[in-house]
Structure formats: C-alpha cells, structure tokens
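So, here come the structures, one by one.
Two complexes, one shared chain (chain A), two partners (chain B, chain C).
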Partner chain A sequence: MTTTIGEAIGFWILGPVALAGGLGMVFSRNAVHSALWLVLTMLSLGVIYMLQAAPFLGFTQIIVYTGAIMMLFVFVLMMVGRDASDSVVEVLRGQRVAAAVLGIGLAGLMIGAVAQSVGVPLAAGAPSGSNVGGLGLLVFQRYLLAFELTSALIITGAVGAMVYTFAGRAKSKAITQKERVAERLRGPLEKFGSRSGPGVFATADSVATPALLPDGSVAPESLSAIIEATARERLGHATELSRPGDEHDTAAHSHHAERGEIQGSQT
Partner chain B sequence: MSPTNYLLLSALLFSIGTVGVLVRRNAIVVFMCVELMLNAVNLSLVTFSRINGSLDGQVMAFFVMVVAAAEVVVGLSIIMAIFRTRRTASVDDANLLKY
Partner chain C sequence: MGSQSFSDALGVDYGALAPLLIVLGGACVSVLLEAVLPRVRRRSVQLVFSLAVVVVALAAVIIRATSGAGDVVVLAGSLSVDAPGLFLWGTLLALAVPSVLMLADRSVEPGGVFVADPEALAEAQERVGAGSLRSTSSGLPSGTGTDTHGVVGRRGGAGPEPTTPPEMHTEIFPFVLFALGGMLAFSAANDLLTMFVALEVLSLPLYLLCGLARRRRLLSQEAAVKYFLLGAFASAFFLYGVALLYGYAGSVRLADIAASAAGPLRSDALLFAGLALLVVGLMFKASVGPFHTWTPDVYQGAPTPVTAFMAACTKVAAFGAILRVFTVAFGTTALEWRGVLWAVAIASMVIGTVLGITQTDLKRMVAYSSVAHAGFILIGCLAITPAGLSGTLFYLLAYGFTTIAILGLVSLVRSGDGEAGHLSGYAGLAQRSPVVAAALSFCLLALAGVPLTSGFTAKFAVFSAGLADGMAPLVIVGLVCSAIAAFFYLRVIVLMYFSDPAPDGPTVSLPGPMTTVAITLGVAVTLLLGVLPTAALEWAGAGTFLG
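Showing the complex of A and B:
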C-alpha cells in the first residue's frame, strides 16, 4: 500500500515551502522576519500532518504552535525590541563555516540512514476508528500516567514563568499613617510648611535682618549670602551657616547644634 | 511516493534547525530554531506512526507539543529576565551565570 497521487502533490508543494521557511528563518537578519518564516514552516507542517491521516495533530499544530507559541515569541520580540538585529561580527573565528559543515554532515548522515529504508510500504491496515477517538483511548488508557505527568509539567512551567517574571521585584510594603507622620516629623521633611522669608518675626524689613523662627532662633535659610554684614555683625561665629551653596539639610542640622548660641547673640 | 520522503524532509528541517542554533546570536531566534527541531521530530513521529499503522507515534508527538509549550514559557521568561537585567538578548553577552 502506497500513498495516493493527491498526497504526493500536497507533499511536493508543502515540503519545499516548509524547507524555504526554515532556511528563511535561519538566514533573515531581522528577528521578526525569522518568526514569520517559522510560522510558514509550522503551518505547512500542520497541513502535512493532515495529509498523513493525523487531522487532530494537524489542527493542534496550527492552534498551539502558530496560534499560541509563535504569538508568545512575537510578543517577547516586541518587548525586547524588534530592531535588535543580529550582529554580523563573528565572535569565534570560523564558527559559521564549522556550523555549516556540521549541518550538512548531519543532514547527510540522517538522509543516508533514512534512504536505506526508501520503499518501505505502509502498514496494510490503517488504524480503525476515528483519529480523535483512537488518540483519546490511547492517551487516557495506555499513556494515562504520562498524560498526568505532562499536566504537572505544565503547571510547573506556569509557576516558573511567574517566578521569573516577578523575580527581583521587591514587594513594597504599604506605609501606614503612623509611619508617615514619623517620617514627616523626624525625616527629611522635619520642618513642614514653607520656610520663613527674610524679615519674618523680625523687627526690621531689611534683607540684612535674618528671619526668626517661632522659638526666637535665627532661620539659617533666611540669611543672605550676599550681604556679608549680616553674618559678621549679628551672628558672629554662625557665619558658615550662610555660605553660598549651603544645602538646606546641612544648614538645618547645624542649626540645631548652634541654636542656643545664636539666640544668645541675638538678645 | 514513498512515505520516507517525509522522513527526508524531517531530517532536512532538523539540520536547518541545528545550523540555526549554532549560527544565530539572538537568544529568541536560537529558541525558534529549537522549536523547528522539535517540529521536525514531530513530523518523523507522525510518519512512523503512519508507517506502522498505529496511533502511538501521534500520541508521542502530542506529548512533544506539550513539553515544547512548557519549555517555551519558561525559556522566554528566562530570556526576559536576562533582558531586564542586562538589556540584551544576545547569547554572547550573557556569559556569567550569576552576577
């Protein structure tokens, strides 16, 4: 028993198409083009399965491979950046030539092994019953354990994908109201509200007069860096507080250390 | 036409996939070449099943598809994790196991 004429026609159309898809995938420089060539190969392979009296597998091939897996590939390609083309630089010298020689040799070996069996006839009787029914009987009777193991494998794969997706992403704890208040009072925002301007709580409007904080001490931020007289005459040793370029934080820290002395010089 | 033509096609596709894995530098394309090799093996399994007149080969091809799906999910997430940390999908740049 041999194959029919129609199947031969289908094979000689689809086989070269599948080969062209594979070659196009290897040789196209753009990764998205590679994915589309591979889709072509997978589609033609699916039709070849249907030619070979395996309609269930053919449809599964089209749905699972070209529908789901290649979709995933293209999705990841879009996330990684589709213009990430391969570099032409050969990292290992002569690697491409060696790979080509090895590929041709491998193909020659396998074709030589298969060619010895050319002319093997098909089995006399095709499997009885419907394709899907026979597959279902096999999967749920003889290969039941393997089937259950594949379900475990799939679940493991899904969990692993989630682990990899969320790896390195530290879980940020929600800040409670108490912690937020403590941060406001003791953290970098210790003095909430706007800073005092020049002359606030002071006896004169002059820019040279430093602002006073509600507790009577001098607000370091209000000291003018340009008017040196302010610092020299009225503050004496606190001159360094008004240095140009002095950051708010360091000024605030030294402010507390010297608050008492500044107050003393004020009065 | 002899059914071994399918086996020849399968061998050629497998070799093309092998060459692709060796030649290409983009990790995703390397992965696609592995998929091509799995597809080639599936084709030979289906052909063997037909030559023998039984459905066992088709069940095996079915299992290969399941394993390939799980492999793709995990492999692509590994590639994405590498891409997030190293900003590259090239197999040449991922030369340290832990860094």
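Showing the complex of A and C:
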C-alpha cells in the first residue's frame, strides 16, 4: 500500500484534529460542547475518507452523521435542558483512579497491538467497481441479511419508543363544561381563570366574589350578570344590578356604579 | 430471469431460511396487528398468532433436520444452516413456547405483568369491592405516583371481574418475536457483521421488555437502563474486535479469519486483540464470569416472565455464537488463546458459586447460579471437539427448560406486594403447597446436577468432554464449584420442607392454564432429558459447524 504525500499531509493534520475532538468530547462538562466536539471528529473523519478515495463514504459521513444525527442530538440536548450536566460525585471510592489506570492500560494494549501490525501489510478488502457501486454490491449482496436485519432493529426501536412514551399515561378524562363552571365558581383557580394581580387585596379568587372598591364598596363591574342570582342572594340587598337585556353591556354596569353602596365583606 | 440469477448468486435457500423468515415475518405482521386490531381483541389474537409463528418455525426446523438436507451456507455466506445450528434453532424455538405462554399469562397477577395502567385496574377492583381481593398501594419513593403492587387474588375466589378486561401492553409479542429472530440469526451467523447486527436485534427488544413492568416500576426501569447501558458498552467492545479482526484477515467471515490465521506472515497481535474484544462482547451476553455484573440486577428487576425468556433463550443464542466463533474462526489457534479463557471459566464458576451462597433473594440466586452455569458451559465450548460441541448444546437445552420452570414457579409464590422474592418467604412452602414445593425442589436439584435430572446428564457430558480434551484442572474446579453450589440449592429445599411457615408468609397463587403448561413443560423436559437423554444427545451430536 502506498501513500501519496498529499494523503500523508492530510492525515497528519486531520488525525490530531479528530483526536482532539474525541478528547474534547469526553472531557467537556457541557453536553452541547461535547456534541460539537464530536461534530469536529466526524467532519475530520469524513475528510479522511475522501482523501482515501472514498468520496461517497466521506460525504455520507458528513451529511448523515454531522448533518442529521448530530443535529438531532443537539436538538434533544436543547429540549432536555442544556444545563442538565452529569453528577461528578464519585459513588465508589477510587473508581475514577481505577478507571483511569485500567483505561490507559487498555489503550496501551490496543496501541501496542495495532503498532505491531503497522509494518505488516494489512489484508486489504477487494474494492470492486466504482465507489457507490461497490458499496451497493456489498450492501445488497454480500451483507443483504445484515441489511435486512437492520430493518427489524428500526421497527423495534420505533415501536419501543412509542410504547415507552405512552406507557402508564392515564387517559385524561374529558372535562365537561358543567364541571368546568363548577370548578370555576368554587374558587381556587388552579386550572381555570387567573389569580388576582399583585398589589390587589383579595380574600377569594372565585368569580362569584365581587371586587371591593377602595372605600370598601362593591365594584358593580365585578358582578357578573350571569351569576346575578348568586350575587343577589349573597349581598342580601335588593340591588338592581342590571336591567334585563343589559347583561353583556359593560356601559350599563358603569351606569349603575354608584348604586352599589353595599358593605361587601367576603371572607 | 434476472431475479432468478440474482437469488442464485445470493444463495437463497428458502427451505433452510424458513424458520428465520417465518419468525421475522411474523414479527412484522404482529406489529401490523397491533395497529389494526381493536384494543380488546389484541391480546388473544397476538397470543395465538405468536404461538403459531413459533410452532410453525419449530416445525420447519424439525422438517429440515429430519429431511436429511445437507448443511448449507446461504445468503452470500452470511448464514450457515448446519446441524448444530438447527439444534440451536430448535432449542430456541422450543424454549420460546413456554416463554410466550408465561408472558401472556394474566392469572397470577391481575391484568398480567404488562398491564398498561395498574392504578386504573386497582381502582376498578376497589369499585367492584370483591371481598377476597386485597389491594395494597404503597407509596414507593417515586415521583411518578404510587406504584400499586400486586393485588393478590385467589382464582375462583375472585369476585366479579371488572366489566372491561384490563389493558395490557400487547407490544410485548412483536418484541419477543423480534428478539427471537435476532437470536436465530445470531446463533447461525457466519460472519461477524451479521452477528453484530443480529446481536443488536436480539438485545434491543430485551432492553425494552425489561423496563415494561408497571408494578415495581422503578426496579424494572432501573434494570432496563442498566442492561441497556452495559449492553451498549459490550456491543462497542464487540464492534472494536470485529474491526481489528477485519484488519487482520481482510474479511469478517469466520472461515476467512481461520484461513488467515493458518497462513504465514501475519501479526498475531491483531488477531488476539480482536478475539479478546470480541469475547468480551459475547461473554457479556452469555453473562459469563467477570462480565456478569448486569445479571443479578436485571434478573431481579425485570418482570419474571421476561427474566425466564432472557435467562433461557439469550444464553442459548450467545453460547451458540460463542461455539461457532471458537470452532470455525479460532479453532486452529485454540492452543494459544485457550489459557486465557480457562481463567474466565474459572472466574465465572467461582464468582457465581461464592456470590450465589450469599444471596437472600431467589431471583438473584438464580442469576448467580446462571453465572456459575455459564462457567460450566464454557468448559464445553473450550473443548473444541465434537463431544464438547454436543455436550454444550445438550447443556443449553437442559438448562433453558429448568430455568424457565424455576422462574415460573417463583412467580407463583406471592405476598401482598407482589412476588415474595426473599428466601424467608419460602419457609414451610411444602405445607402450603406441596406440588409447587416438589416441582421447585426437583428443578433446583436439576440445577445442582443430581442424577435422574437433565442437569446431571448435561454436566456429565460437558465435564467428560473437557476431560477428554485435557482440561482436567478446569473440570476439577467445575466439580468443586458444583458441590458448593449444591449447598445453596439444597438450602432452599431444606427451608421449604423442614421449616414452619410464617403466619403472615406468602401465599401460593393457583396458576392459570398458560403458566401451568409452561411450568409443566419445563419440569417434564427436565425429567425426560435426565431419564432418556439419548435422542437429544444424538441430535446434538449430529454434525459439526459448517464454515
């Protein structure tokens, strides 16, 4: 196997870059940074493939991995929350040291094994025909079964994702309008309506509770015409809140504003 | 015709491929059924369909094996359908029948293990207010709500059933079929790439199944996450090994690796580094020795029927692949690497036995026992002789059925909050339920390797093959470990027969027909293979792997 000068230059530039990307991915604390380091590694690998006369593979690497998969990854990270970083507390004592020693040991062994065989000509797979054609033959003849089995994997993944997403989710009961109104009148506006704004003194949130003006009188605008009966009953006075037909007319309410001289005390 | 010549070039032999195609095609149809059928009819249809698929595939294997068709390599050399491969397929499919039955059972736990919404089910039962139904809902420290544990109901004594049958995750049936298809492909794969994809196909559904228990949800999900993360890690090792071996041989086909190893002028460092990494991935799946760390947690956390399926079938598939890799690809270099695997086998036997003694939970004990058994099976794998091959195959068949029966029985012994896993719950079980205690004792004796059970025949076959191949020290370690392991099997038996039951001890549920059939099948095969092992041994020794 011969290596051209251009290929060698490309390798010695891209190799360290890819390695740096890998290390950066492992050591960065921020998950998004990790993902971006990995993008760097994958881009370098893609270019290395192209240098080695495999342009199709190189472009696939860039389009599929850096383009699609890594971006999906980043999307998921953003959705999960960028700050969701791993806990760095050691659960087992000395685990990190042991892991580092063993990891470096394994890396040493692997480097040794690979270095020993660098001098020996590697058995090269026989590339046949064009780049894409060769790949096509491999995928659809030599490794047809593996290719077809992949579909089983994808189906399992899709079904599994759906099962896990919808598992144990109790069917939400549809709330009828009647229940919604009852909930709203009962007061605590957990789900419906809004709470009183800041700076407002309020002892209750119910729609049925009229608002009080600064002098302690009931603000007639706050009395709903729809629940007129309730208001009348609670206020005790034969207050003509609104004439028939004026229910939806806010002007009518303001017209009657001065007539609501009632000591509204709602507890 | 173009397509004709194409399929000839590929070597598509539908007769040989039939079991695999039936199972995988059945899995796809099963997914479609999931989409098409109304919710209430899914479970029965899926159950019948899955069982039919497994049985038809099993019939195809038997027809193929008895028809005298020769060993063939199909699909451009990626799958090898040979005599040991057919035996493995037969074993896998035969073990799948009781597994599917147990997965579908709903009599032991109301709604089954995979009930979709246990809280709604418990509510419905409280509304019905059946007197004999006790429902306990304990607030586990879960943020997701209270886990409602098993509602123990005696069959027959149960009050009126809720009007609509509780829903169940019927997706487990396609998962099981996909896992089974992956196992079939894994044990017959003739090149490492197909083996890797098959490994993933068999693993992914198992990860999913592990986490699907709705009761004791957190344990189950923890098991699934552990299994998934460690499994992904092991797959990476496997893949790295494949890469190194490709660098060495220029091919991922097992026979080509053997041919390269026989040729001169190669750096063996790549070959053995590749083998080492490959073995890590394979041993992980088979839960051998130091790569077993996932086994106890996953066995304990996964729903018991899934544990049974996993313990029996995954072991068969993984050891099938180990046998094939060792025999076909590395048979010629065995002398150089066997020493390391001796150490692995010894570690597996010792770890499984010693840690098995200290367990107080029956499912964890079964898990450690499976680690010890993996060591015994590895002895057979290391003897790269026809005797070793047939002994290992027989061991896998015997062990699978015994394990399924044990886990089926374990699922019957229940206390208020689900399965009574703790050993103390088994005290005096013989007085409560003599039949369950007798069956469990018999299966535990089979695991211990007592004569007249399949365990004895299997151990005898494997150990004698090991002795014949000059592995006497390993066999001695195996015998010592068997003797020690017998202690913790016997401890359970003694507890069941010679202790007084605790007054508030667990009850024994009467199993429904499906679990009964599964357990009976397991016990019967255990007995049969112990008394009349000849036919199975002959089939196991019918041929050798085809490269």
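What we mean here is this: the second predicted complex is superposed on the first by the 160 of 267 C-alpha atoms of A that agree within 3 Å, B and C clash if a C-alpha of one lies under 4 Å from a C-alpha of the other, contacts with A are read in each partner's own complex, and residues count from 1 in each chain.
The criterion applied here is as follows: contacts are C-beta pairs under 8 Å (C-beta built on N, C-alpha and C of every residue); 3 or more make two chains touch, one makes a residue touch a chain.
The shown structure was predicted, so the numbers you read here are calculated from the model rather than taken from an experiment.
A.B. asks: A:Tyr164 contacts which: chain B (first), chain C (second), both, neither?
C.D. replies: Both: A:Tyr164 reaches chain B and chain C.
A.B. asks: By the touch definition at the top of the document, which applies to A:Leu102: first (chain B), second (chain C), both, or neither?
C.D. replies: After superposition on chain A, A:Leu102 lies in contact with chain B alone.
A.B. asks: Let me test your reading of the model: by the given contact rule, A:Ala35 touches which partner, first (chain B), second (chain C), both or neither?
C.D. replies: first
A.B. asks: Once the shared chain is lined up, is A:Gln177 touching chain B (first), chain C (second), both, or neither of them?
C.D. replies: neither
A.B. asks: Should A:Leu153 be classified as contacting the first partner (chain B), the second (chain C), both, or neither?
C.D. replies: It touches chain B and chain C both.
A.B. asks: Going by the contact rule stated at the top, is it chain B or chain C that touches a larger number of residues on chain A?
C.D. replies: Tallying touched residues of chain A, the top partner is B.
A.B. asks: I'd like to know which partner A:Tyr143 touches here: chain B for first, chain C for second, both or neither.
C.D. replies: After superposing on A, A:Tyr143 lies in contact with both chain B and chain C.
A.B. asks: One more residue to check, A:Val114. First (chain B), second (chain C), both or neither?
C.D. replies: It touches chain B and chain C both.
A.B. asks: Of all the chain A residues, which ones make contact with chain B and with chain C?
C.D. replies: In chain A, residues 110, 114, 117, 119-120, 122-125, 143, 146, 150, 153, 156-157, 160, 164, 167-168 are touched by chain B and also by chain C.
A.B. asks: Going by the contact rule at the top, pick out the chain C residues touching chain A in the complex.
C.D. replies: Going by the criterion above, the answer is residues 9-10, 24, 27-28, 31, 34, 75-79, 116-117, 119-120, 144, 169, 171, 174-175, 178, 181-182, 185, 191, 193-194, 196-198, 200-201, 204-205, 208, 211-212, 214, 217, 244, 246-251, 260, 265-267, 269-270, 272-273.
A.B. asks: Can you check the complex and tell me which residues of chain A touch chain B?
C.D. replies: 2-3, 7-8, 11, 15, 18-19, 22-23, 25-26, 31, 34-35, 38, 41-42, 45, 48-49, 52-54, 56-57, 60-61, 64-65, 68-69, 72-73, 76-77, 79-81, 84-87, 91, 95-96, 98-100, 102-104, 106-107, 110-111, 114-115, 117-120, 122-127, 131, 134-135, 138-139, 143, 146-147, 150, 153-154, 156-158, 160-161, 164-165, 167-168
A.B. asks: Touching chain A in the complex: which residues of chain B?
C.D. replies: 1-9, 11-20, 22-26, 28-29, 31-33, 35-36, 39, 42-43, 46-47, 49-56, 58-59, 61-63, 65-74, 76-81, 83-85, 88-90, 92
A.B. asks: Can you check the complex and tell me which residues of chain A touch chain C?
C.D. replies: 109-110, 112-114, 116-117, 119-120, 122-125, 141-146, 149-150, 152-153, 155-157, 159-160, 163-164, 167-168, 170-171
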